[in-house]
Structures are given as C-alpha cells and as structure tokens.
Amino acid sequence: MRKIMIGVMGPGDSATEIDIKNAYELGKLIAQEGWILLTGGSNVGVMDAANKGAKEAGGLTIGILPSNHTNNISDAVDVAILTDVGNARNNINVLSSDVIVACGIGLGTISEIALALKNKKPVILLSGHPESQQLFKNLSPNLTFVAVDIQETIKRIHNLLKNAK
Amino acid sequence: MRKIMIGVMGPGDSATEIDIKNAYELGKLIAQEGWILLTGGSNVGVMDAANKGAKEAGGLTIGILPSNHTNNISDAVDVAILTDVGNARNNINVLSSDVIVACGIGLGTISEIALALKNKKPVILLSGHPESQQLFKNLSPNLTFVAVDIQETIKRIHNLLKNAK
Amino acid sequence: MRKIMIGVMGPGDSATEIDIKNAYELGKLIAQEGWILLTGGSNVGVMDAANKGAKEAGGLTIGILPSNHTNNISDAVDVAILTDVGNARNNINVLSSDVIVACGIGLGTISEIALALKNKKPVILLSGHPESQQLFKNLSPNLTFVAVDIQETIKRIHNLLKNAK
Amino acid sequence: MRKIMIGVMGPGDSATEIDIKNAYELGKLIAQEGWILLTGGSNVGVMDAANKGAKEAGGLTIGILPSNHTNNISDAVDVAILTDVGNARNNINVLSSDVIVACGIGLGTISEIALALKNKKPVILLSGHPESQQLFKNLSPNLTFVAVDIQETIKRIHNLLKNAK
C-alpha cells in the first residue's frame, strides 16, 4: 500500500546555515512521523541535511538524482532513483511527494515550487523570503502555505494529509 | 549550421490581452530578424500568439509539446517536437533557446525563468510583475533583464547574441 | 547507505501465465534476499505480479510510473515515483536498478533491455525467446545472461552483485 | 502548418560503411522530397551522415540531443533541441517523427524501434539484420517494414504518409 512521502526541497551549495539546520530537524521529524523523505538526493545543502536528519531517526530516504551515476549522492540516501533527466527531475520530485516543503530559496527550488503548484500539490514555504512568498501566494493562494518554524510545518503537513483523504 | 532560436515563454489560458498582443508582435519581429521562434507549442495564450505573429512574417516556428499527440497544438507551429515528458519539457524549452523572453507571468513561466537562469541562459522579462522581476534580479543579476516594450526586447536580444559570440 | 535494487521488467496486458508466475516467485525471492524490488509500477502483468510476490514476503517495492497520477498503480507498490515522462521512464527503471531481470518479452521490455545494456547494466533474460536472446547476446555478450528458471536467476544476481563490489 | 518529419535512427561510432552510405543518400532524398530530417543530432555515424546528406540537398535538419550542450553536435544540424534527458530522448525522437527509418542496428537503435512501435509509429528497417527484423515483425507485424534499399524506403514512406492522411 502506497506510503506517504514528504518532499523537502532547497538549495545545495548556496544553502544558509539556517536552511541546513531546519532541513536536518525537518528530516528527523518527518522520519519520526513514519513518513518517507523524498529529496533531490545531493550530498550538499538542504538535501544532504534532510537525509541525515531522517536517517538519525531511522527513517527511509528516497533520492531522485538528476544524473545517471551516484557520484554526488548523499550518504544518507537509501533508495537512489537515477533519472538522467537533469533539472527536469524537479518535476518528478514534486509529482511524487504528497506535500512539498521548500526550505530556503534558490533557482532550482523556485522551479520546484512553481511546478508543484502547477500540478496542484500543496507547498509549505519554511524560511522567510518575502518576495517569493508573496509571488506564490498571489499565483496560488489555496496551495501556498508559510510556516514560521519546523513545528508549524509538521502541524501543517498533518492537516494537509488529513484533508487529502 | 546551427541557427539562432529565441524562446518565447508565457501563460496559456491565463494570458492577459497585453501578453497576447506583445507575444504576437514579438513573434513577428523575431521572424523578421531571421531567428527561429521556439515555444511550448500550445494553441492558447502567449504560445499561440507568438507563433501566429512569426508565421505572418514568414518565419520558422518550433513547438516543444508536453504531450505525445498534437491535439492542443497551435496551427502556426511548423515543427512539432512531441516530448511526452509533461511539464518537464519546460527545461527543454530553455536549454534549446539562445535567449528566453518571458511574456507575462504564470506558474509554468516562473519554472521556465528559474530553469533558464539555473542553466546560465539570459532571460528578458517583458511585462511588469515587480515581485517576480525583483526575485529573479536578486537571484541572478547578470542574466535577468527587464524590457519595457517589444523594441527594447529585440535590441536586448541583439546585444546578448553579439556578446555570446 | 544505498540499498540494492533489483529491477523486474516485463509485459503488462500481454504477459503470459508463465511470465506472471515467474514474476510473482521472483518478487518473493528478491524480498527474501533483502533486496528492494523496482518495477514500472503498473497494476497488470509482470509488474503487478512481482510487486505482489515481494509484499507477500514483506519486502519494499518501488514503482516508477509513466504518469502523473496513480490510477493504474499496483496495490502492492509502497513507494510511487510519478515521473510523467511516459515511456521515457523505462530509462529511469534500468538506470536505478543494480541488476535487471526481463521476465517475458514485449516492446516496452525490449526497449528496457536495450537501454540497460547501452548503460552497461547487466540483464538476465528469464524466459525463452530465442530471437531476442540471440540479438542481445550478439550486441552485448558480456552483460546479457540467460537463466532457465527463478533459482538460476537469483544465483546469477548474487554473482553479479559480488563482482560489482 | 505542421510539416512532415522523417526520423532516421542508427548507430553512432559502431555504424558500418554501408549504414553511413545509406544514411547519407537517405538524408539527401528526404530533403529532396521536401520533408524535414529528424535525428539524434550526433556528429558521428548514421546521424551525422544523414544530416550531411540532407544539407547537401538544401533540406532542414532537426537534431534532438541527449545533452544540455552542443559539444558533440553534427555540423549539419540546423535546429538543435537540447533535451538533457540522456537516452530518454530516444522516445522524443520517435514520437516527433511521422515515419522512422532504422539504418543499421545497435542498442540505441533497438530501443528506438521498440519505442516507436509501442507508440504505434511505422518503422522501416533498412539494412539486413535477420534477428531484429524477425523479432519486430513478430511483435508488431502491421507497423514493421523491411526495405532492401533507399529507393524502396522512400517509396514506402510515401505510401505510409498517404495512408496516414
């Protein structure tokens, strides 16, 4: 029976310290809830931190890689999906997640938020970037949520999953 | 020898009258310059209008479709590339264009602007959406350009192509 | 740490009774070995049977779907990757598998065998189709293996995994 | 108005002299008929030869590349579609072609023939590889055609296009 997957998206090399701390804690809480963590699978930034958090809590981690190899994969990814479709894998990330959390901002993350909302998937924006928050709230008011911290993010995921049933 | 392709991206059903007027004129001028027009190939909104403008001026038009069929293709597309990769075709659109013009805004267009900039492709934002202009200028100041009208857009494309040589 | 995934490929609607029996038993043995089962995720034919076998033995099952929805997904898939890239997902299937087993033959399966071998992945051909066996052995003698039954298939997977270390 | 595109598929580095001679002549005749040539766009083997033949006859050539760059592109490609989806671009090649000609055989070409037939596209097998001819004729008797030479290939394309109207 299909399991719940929570996608955590966010910058790689350009992730801030706060993004990385948030991603690690978020990964841990997602695993503690019994949800599967889905990320882009890279060994840097938000992706790596979220996977490490999830593994510390004994969760299952799925990494959707842009490449046809595992050279840049996070050690904390259990299941590696090698897409070899480059940045087009961002669309696979969001389609495969029940709820998407954007942890920080960057060009790749923006493409994922936009593709998620276009596919009618709910997106939680975790850290504060007023311009992008406003942009996505205007374009998709019913599916864009802003959370002030990890706890509110988890609470919001619970609500979204309950309503989706 | 590889020909120059200008990608015109923009909303479908949610395009404004100004977006459509701009897209039509832009398609015409692109064709008059001898450049090939590349769009997402749909029969609505900015894509359809740009293709019609280009054909009125006798240009060549390429449509990169999300589907495996031509049910929703613009009549003004000469060469239909049927990708069957859904919204992931947005990445193909921007990779295949020498310069990208965003004519209006929507979720799909935002994903294309973000993917273009991530791939180091120059993007010209044609109509005024202060939030998205500011967002992309902050994230990619050297590749994001704002144009006030069609004439400035064409002038900017000329400059970008000259510098790319 | 990355887990081992065995891909089981084969026809959907056109699967024979033997293909389906083989796929079910194969799924069960793969799960008993502690390997993850990867398939195309459909609710018919070889894919459905392999997933059901794996779940009976308590394994973990990954389904790589061609669509952006789960309308045709096997009930026995735990983790659904919604690619929305149509038949292009066949390339993702083989890239993500450590070893590929072709259980029966069909056009989709042939494309997967060919893409697997092109990507230097080992392929085990389980049921007897002399023409396709000969074709692939000629084109890729070192990576194409023919197995007479399930037991030989599992033994071969063990050998291939040992050599890959 | 959508133009007719003929896809010529075949091996790269492993192409035989006959494959390359056939591809060059075929590209020339396709261009003389006023059809657009579509290939995988590479600068080796069948792809390169077909593009060169088409350009000698003044035709238009489309190259669907697996990469996000043009490092390995044939000089004779006019329109480069940079997919960055690796071998998954084989599915785009066949979906975008009205008729597919397989000129020689290799693993990539086999995947293209199989994907074409799965998508209900007619395929003409130009050079003699009895095993693959037999395999595809068995699996898809109504869409698989064998041609003894270039002239029969062109005649067959005409018939297929007439019937498709």
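For reference, chains read A, B, C and D in written order, and residue numbers begin at 1 within each chain.
FYI, a contact is a pair of C-beta atoms (placed from the backbone, for glycine too) under 8 Å apart; a residue touches a chain by one contact, two chains touch by 3 or more.
Everything quoted here is computed from the prediction, not taken from an experiment.
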Same vs different contact residues, chain A with chain C, by half of numbers used: same
Chain B on chain D, rotation in degrees - Cα superposition, rounded to nearest 5: 180
From chain A, the most remote chain by mean C-alpha position: D
Chain centre separation in whole Å, for chain B relative to chain A (CA means): 29
Centroid distance [mean C-alpha coordinates] between chain D and chain A, Å: 40
Where chain B touches two or more other chains at once, by residue number: 68, 84-88, 91-92, 119
Residue numbers on chain C that touch chain D, as the complex places them: 85-88, 90-92, 105-108, 110-111, 114-115, 117-119, 131-132, 134-135, 138-140
Sites on chain B touched by chain C in the complex: 68, 84-88
Residue numbers on chain C that touch chain A, as the complex places them: 1-3, 5, 36, 60, 62, 64, 68, 70, 73, 75, 77-85, 88, 91-92, 95-96, 119
